[in-house]
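Please find the structures below.
Two complexes, one shared chain (subunit A), two partners (subunit B, subunit C).
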Partner chain A sequence: MGILFLLVPLICLFILNLPRRGAAAKLAPWVLGVVAVLQMVFAATSHLACWEPFIGFFTLPVPVALVVDPITAVLLFTIALVVAVVTVVGIQGDARDKVITSSLVLTVMAGMNGVVMVRDLFTLYIFLEITALSCFVLIATRKELRSLSAAFRYFILSGLASLAMVLASALVFMQVGSLDFALVAAAINGQDPATMTGLILFVVAFCIKAGAVPFHGWLPEAYSSSSSAISVLLAGATTKVAGVYAIIRLSSEVFAGIPGPAQAFMALGALSIIVGAFAAMGQKEMKRMLAFSSISQLGYIVLAAGLAGAAADVTVSLGGLQTSIAMLAIIGAVVHFVNHALFKSLLFVNAAAVEEQCGTTQLDQLGGLTDRMPVTGWTSVIGFLSTAGLPPFSGFWSKLLIVIALVLANQWVYAVIAILMSLVTLGYFLILQRKVFFGELRKGFEELKEARGALVGTSLILAGLTTALGLLFPFVLLLLQGFGLV
Partner chain B sequence: MSDSILILPILLPLVGSLLVFVTPSQNRILRSAFALLFSGAALVTTIITFGKQLSFSTASWAGFGMDFQLKLDGLSGFIMVVAGFTFLALLYSVAFMQGRERERQFFGFVLLGSAFVTGSMLANNLVLMLFFWEGLLAVLFALIMSGGAKATPTATKALVISVTADFCLILGVGVVFWQSGSLNMSVINLPLDNFWNGFAYVMMMIGAVARAGAMPFHTWIPDAAVDAPLPFMAFLPAALDKLAGIYLLARLNLQLFQMLPGSGLSLTVMTLGCCTIIFAVLMALIQKDYKRLLSYHAISQVGYMILGIGTALPIGIVGGLFHMVNHALYKSCLFYSAGAVERQAGTTDLSQLGGLGRKMPVTFICFLLAAAAISGVPPLNGFFSKELVFDAALQINVVFYIVAALGAFFTMASFLKLAHVAWFGKMTQVAQKAKEAPWPMLVPLVVLAFFCVLFGVYNPLPLHGLVEPTLGSALTHSFAGLPHNWLVAGISVAVLLLAVANHYYGVKRSGSALGSSDHIHYAPVLKPVLAAAEAGKTDPYNLAGAVMDVFALVLATIDKAIDWFYMKLVTGIAAALGRGLENAHTEKPWHYVLWVLVGGVAVTVLFFVGIGG
Partner chain C sequence: MLTKLFIVALVLTATAGIYSIVATRNLLRVLIAMEIISKAAVLLLMLAGAINGQMAQAEAFAVALIIIEAVVTAIGAVLCIALHAKTGSLDIGLLGKAAQAILPTAAQATPAVLPTQATPAEEGAHNAE
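Take a look at the complex of A and B:
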């Protein structure tokens, strides 16, 4: 049934472009909404037997394997959730912009769905390129110099990544004779120079896609210069799926047991955590700070993914549960992935609200907004507490899982970095909160009103989800166990 | 008669106090009526129950052996004295407190204090005793505070000193419970043969003598004499504090611990008593204020009680307890006379007083009797109780006796000075306007003076009825009647005569009655010592305050350093790092491409060199 997740967005893209432009612009949000909801339903029910009869019908003569396993299902659901948020936040601009942007969002969605479902390196490359190309244009749709130059930098670095990936694929194919995940994993040993070069190029490529330090140059401006809805899409889903998900999958399945990639991913992950956090502290603009916060948070996921590769076969007993460190790390990474999509979307939605109401997101021009925008102000508090990993919010549990896995694997240096940088996270978000939402209301904002209902509603729902996921985390774990994970 | 009547002496003042607190503040008559009615009723119940052996306990109170047990025996018979003094204090205050601010507060807390002291003397469980004992702290604080805003530092000082001592008491109770396994006071009887029992005794003894006002826990009393309303001095430091503290000391020596005469602990307690006698009386001698002079005597006289009970001899314990009752009588009487002077003449500064005797004859006669009693002039009550203490001290060691006799000399000297300056002599401008005090103030004075005479002339009444039953079987023969040791009595009288001679010498030497003690005040060695003491330089409260200041300074410095570390160093580094990283993001594409290349090299290195683990 995996092909459904590709066909639905593409068919809808086709439908959207049939009517005249004015009608299509009105239709666009509804199309996006329907696709998002449909994908959420399909993803949530993908493990059920009721889909069995249709699988034969949808199996087209395509020479690619599309697999929906539990992790993929979770990610498909998250992608749909972020697209739903994008729909509610709303795409700005005239009718032409709306249709083009909506079409691109559908393309990106199809690309992301492909990335999470494929099981061979070359198809992965194709879907990554679909996603990336759509993103360049999405960033550039704002038609400001800042957005255009950001798109250009993304294009340059992404080009380097593509180059590296094609080269790496070729090198691995020469050695193994196949690019299928399972076959590569079985044959690869990382000893001969050609394979080694291939692996290094893969690591570089995926780190550029993910935006890990020091390959992150394109990321801050890409996030902060694009329009609100696109910021949410990029920060919440696209770059995470394109880069971070690929790192999780490859590190834990394909390169598992080879020390090189695991060491590199862990070190770069830790570096991203540190640099992202401290750079966020030095920011003067809200969306740019959130972008650096994203770098810091994706560092946690990359670190956990690296650990999963390094400690693939070590089993541990945790609270009466027999599991492996690798499994703990993967669960930590995936849950943090979902959590990050929730709270970073929430914070970007709030940033959009501030931008719409105040006309700026410069920290030193804002202040005391909670007086006039209570929902935005207080949901931000929930968002950053969850980011910093404070109980009872969901961010606490995923970070806890990652730290537990690190400690069990005796990776004390990384465990200490993970914990200490949570404090720095709290630090820069306190700066943000104090400068933007708390304190005295800044002069000139006396007439300020709360943001429009769609934004406020989205904020509330996301904050509620973050809190609920944190409070009900034991049930979430049970659910994951039901999926066959843990 | 049911044993539950024991609850009444505690409950009646408590109810009275609550009623006083809810009476409208303008309604003086109703408030006074409540106060006198309930304290009178409490007095009646204590008289009814006097001499009986009663005990009352509820099934279970707080658990862990903390039961609500009350017991009336010989020693707790002193609750009758407590009730009596409460009634007199309230009667006196009806006139004295008239028109003063915080009058209602004063009445309410006097009744409450009476309930607490009675409770602590009736309690047969150490925790229950502590409950009432600590309750009195609140009363102490509130009563001093009723002297107005200027009394706040004094009230704080009294509270801090008392809390420190009571902390020792609680510690002692804890050790007693650990050592004996019981909190029931009639069961506990610990031998003083190991360290922990001795420690427990010392801790509880500190709590007891501090309540009584012994050195070095006395320094708040002279301050309170100036700042608090005068009936407070007659009520707590002169009467109820002594009763409670000495009661507990006697309880310790007679029942809770097996105290042996001549043992190290006994000598320690006696030394403490002697120090209190001599230093406090020297301070009293040099005072130039009626109330402060009396307050130092309230400290000095405690020394005799501690000395007597500390001997652990039957004669000493009887003497100490008898002196406690006597002291409450004459010291209250003296404080009431001071109150009358303050109210009628408007000052208690001795340099402004003189010749009051002719203007206030009833007060004058009462003062004279009480002053003679405290100085130990035969045949008044103070003479007989002091003789018993002298006798006991002499039996242990002659040094204690000499110090005690020296104390009697200075006591006599200071009261000669006080009487001469304030009551005899030339009538001053202030005294011209003075009139005799109103009757509610005179009644307590007369009653107390009468008892001073009665307990002296017919001393078998208090000794047989009140004091000697406390000893039970330990009493071999009665100490009533004339002194048994004629030598000691003779020396005492000689000491008094010497004091009179000294007074004449002093008056002649300085040329005025007020300067009659100057030759002692300004004696070579004493002068700097007394000056330092008068300036508060030897006050442990001030010394502790100085130590605390240093401590606070050290802590503040450490705190500042920690503050600097977090507020300046850590945040400074973080901010610098943040700025530096932000500046590194130049947004130039070729820079970022360069980063990617550097990153590629780094990844290659990381493939071969692991970090951590």
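Take a look at the complex of A and C:
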């Protein structure tokens, strides 16, 4: 099954580059859309046996295990959803730009699919590099000095993270003799100095890739200087898969039970929540504010991932449900991952709508846009209420799961931080909403129209998904239970 | 004996790479320094293979690593060339916030609107004039 998720984007990449430029540029959105829909279907049905007879045709020339377990299937679905949003938002530029950018989006997609499916450290490194390298070029395609310098800054930091990861893998390989997740998890104990160094390097590497707080220098510029569609891709999926998903997987499977990395991830996650939220408050530009909000929200996921590693197998009974704290934390992290992809894509789509209609995203040049752009204004409200974790929306449930897991594990300090910072989230989004959408219409915007249909439609669908996921969450939990989770 | 030699070479290479990445202000040299550190990583992989006896696997990792490094360097060089073509400089200060204040091209970041479509903001500016 797994191999399909690599082959489909790569075959479509090949098809996209067969015809002439002009034809290929017209074809590009359709190809991206087809790939995204196919991946959604494959991911949703990956647990069924009906695909098995077809997989025999495709075998890898190298013995790399690609596993699709329930968590992977959920993430594959989310990746496809974000790529679909990118397709609808639309890639700007001339024919050449369109073909190149679409090809790179397909490469990023294949890279991300690889990252979520692999089960050994060196292949993980290879897929992380594929994803990151395509991202540097995607950020730089806008060809302004701002995007070029953001891309180079990301390049240096991500390059150093990759080097740290290779050095750490080599140190672990020296001790264990293999880099397979299961074998490393069985053999590692975190006692001797070489492995300790390796673990520290791993923590640093993945925190840089994720953009967690002391290592977040590249993230706001990369998000805010790239074009609208690309910032949706980066914020919704890429950096989360490259950094945060890797932290979830490694912390809960490979380094489970070793206190060092788990404590480090929890502390850095909490720090990201605090610093991201307060830094977002001081921003003067819409996309930068959303980027800092991203840092704050990924802090929640990293915190939960660390908790999953720290409280490995303490069983608890919750409303008649027998589960472990680690499982609760992983579910919280994965659901928050999905929610984040939904509401952050929604907010970035709205930022794109504002940028297209007003020509600026500076907060002090905007005001009262809800009068002229009602859909954009009100879907933003849904997006930020979900981010802040208010009850009817999906963000509430994932934050609730994370806080319950923290309380059950007796991590009261972290639980209090998680709850208080949700209030700060509400605070900075109220600033954003008041300066951009509410209040009196600013002079010069009398002629303003609602954004084009594609953007409005995407906003409505994403807002609907956020609300539906929130209202139907008990059924979602039952579904996850059916998959063997919880 | 050979192992000790390996460790000395490894430590020297890694130190040289880390020193040059900290000391230089030239983006191209930062790229070269990253390459030097990655050579240390290859050495460490081979050392690991020699110590645990899994030499074949270590060689496979090292070859894959060298291929990836070539791609990384190519993309880094492309970004360097683009930055140089844009600004005529390769100073590391280009990556900081100061660059946007110094260089005029960065200050007037063009919004992603179609060129034919006058935005309301611009129209407002015209009216004011």
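As a working rule, the second predicted complex is superposed on the first by the 484 of 486 C-alpha atoms of A that agree within 3 Å, B and C clash if a C-alpha of one lies under 4 Å from a C-alpha of the other, contacts with A are read in each partner's own complex, and residues count from 1 in each chain.
Assume a contact is a pair of C-beta atoms (placed from the backbone, for glycine too) under 8 Å apart; a residue touches a chain by one contact, two chains touch by 3 or more.
Computed from a predicted structure; not experimentally measured.
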{"item": "Subunit B versus subunit C as contact partner of A:Ile188, first or second or both or neither", "value": "neither"}
{"item": "First, second, both or neither for A:Leu448, with subunit B first and subunit C second", "value": "second"}
{"item": "Partner chain(s) touched by A:Leu145 [first = subunit B, second = subunit C, both, neither]", "value": "second"}
{"item": "Subunit B versus subunit C as contact partner of A:Gln411, first or second or both or neither", "value": "first"}
{"item": "Which of subunit B and subunit C A:Phe215 touches, first, second, both or neither", "value": "first"}
{"item": "Which of subunit B and subunit C A:Ala264 touches, first, second, both or neither", "value": "first"}
{"item": "Subunit B versus subunit C as contact partner of A:Gly359, first or second or both or neither", "value": "second"}
{"item": "Partner chain(s) touched by A:Leu163 [first = subunit B, second = subunit C, both, neither]", "value": "second"}
{"item": "Touching partner for A:Val232 - first (subunit B), second (subunit C), both, neither", "value": "neither"}
{"item": "Contact residues of subunit A, present in both the subunit B and the subunit C interface", "value": "149, 152-153, 156, 160"}
{"item": "Complex contacts: residues of subunit B adjacent to subunit A", "value": "571, 574-575, 577-583, 585, 587, 589, 591-593, 595-596, 598-600, 602-604, 606-613"}
{"item": "Footprint of subunit A on subunit C - complex, ascending", "value": "21, 27, 30, 34, 37-38, 40-41, 44-45, 47-49, 51-54, 57-58, 61, 64-65, 68, 71-72, 75-76, 78-80, 82-83, 86-87, 94-95, 99-100, 103, 105-106, 109-113, 119-125, 127-128"}
{"item": "Residues of subunit A that touch subunit B when the two form their complex", "value": "149, 152-153, 156-157, 160, 196, 199-200, 203-204, 207-208, 213-215, 217-218, 220-221, 259-261, 263-264, 266-268, 270, 275, 278-283, 310, 409-414, 424, 427-428"}
{"item": "Complex contact set, residues of subunit A against subunit C", "value": "92, 122, 125-126, 129, 133, 136-137, 140, 143-146, 148-149, 151-153, 155-156, 159-160, 162-163, 166-167, 169-171, 173-179, 225, 227-228, 352, 355-360, 365, 443-448"}
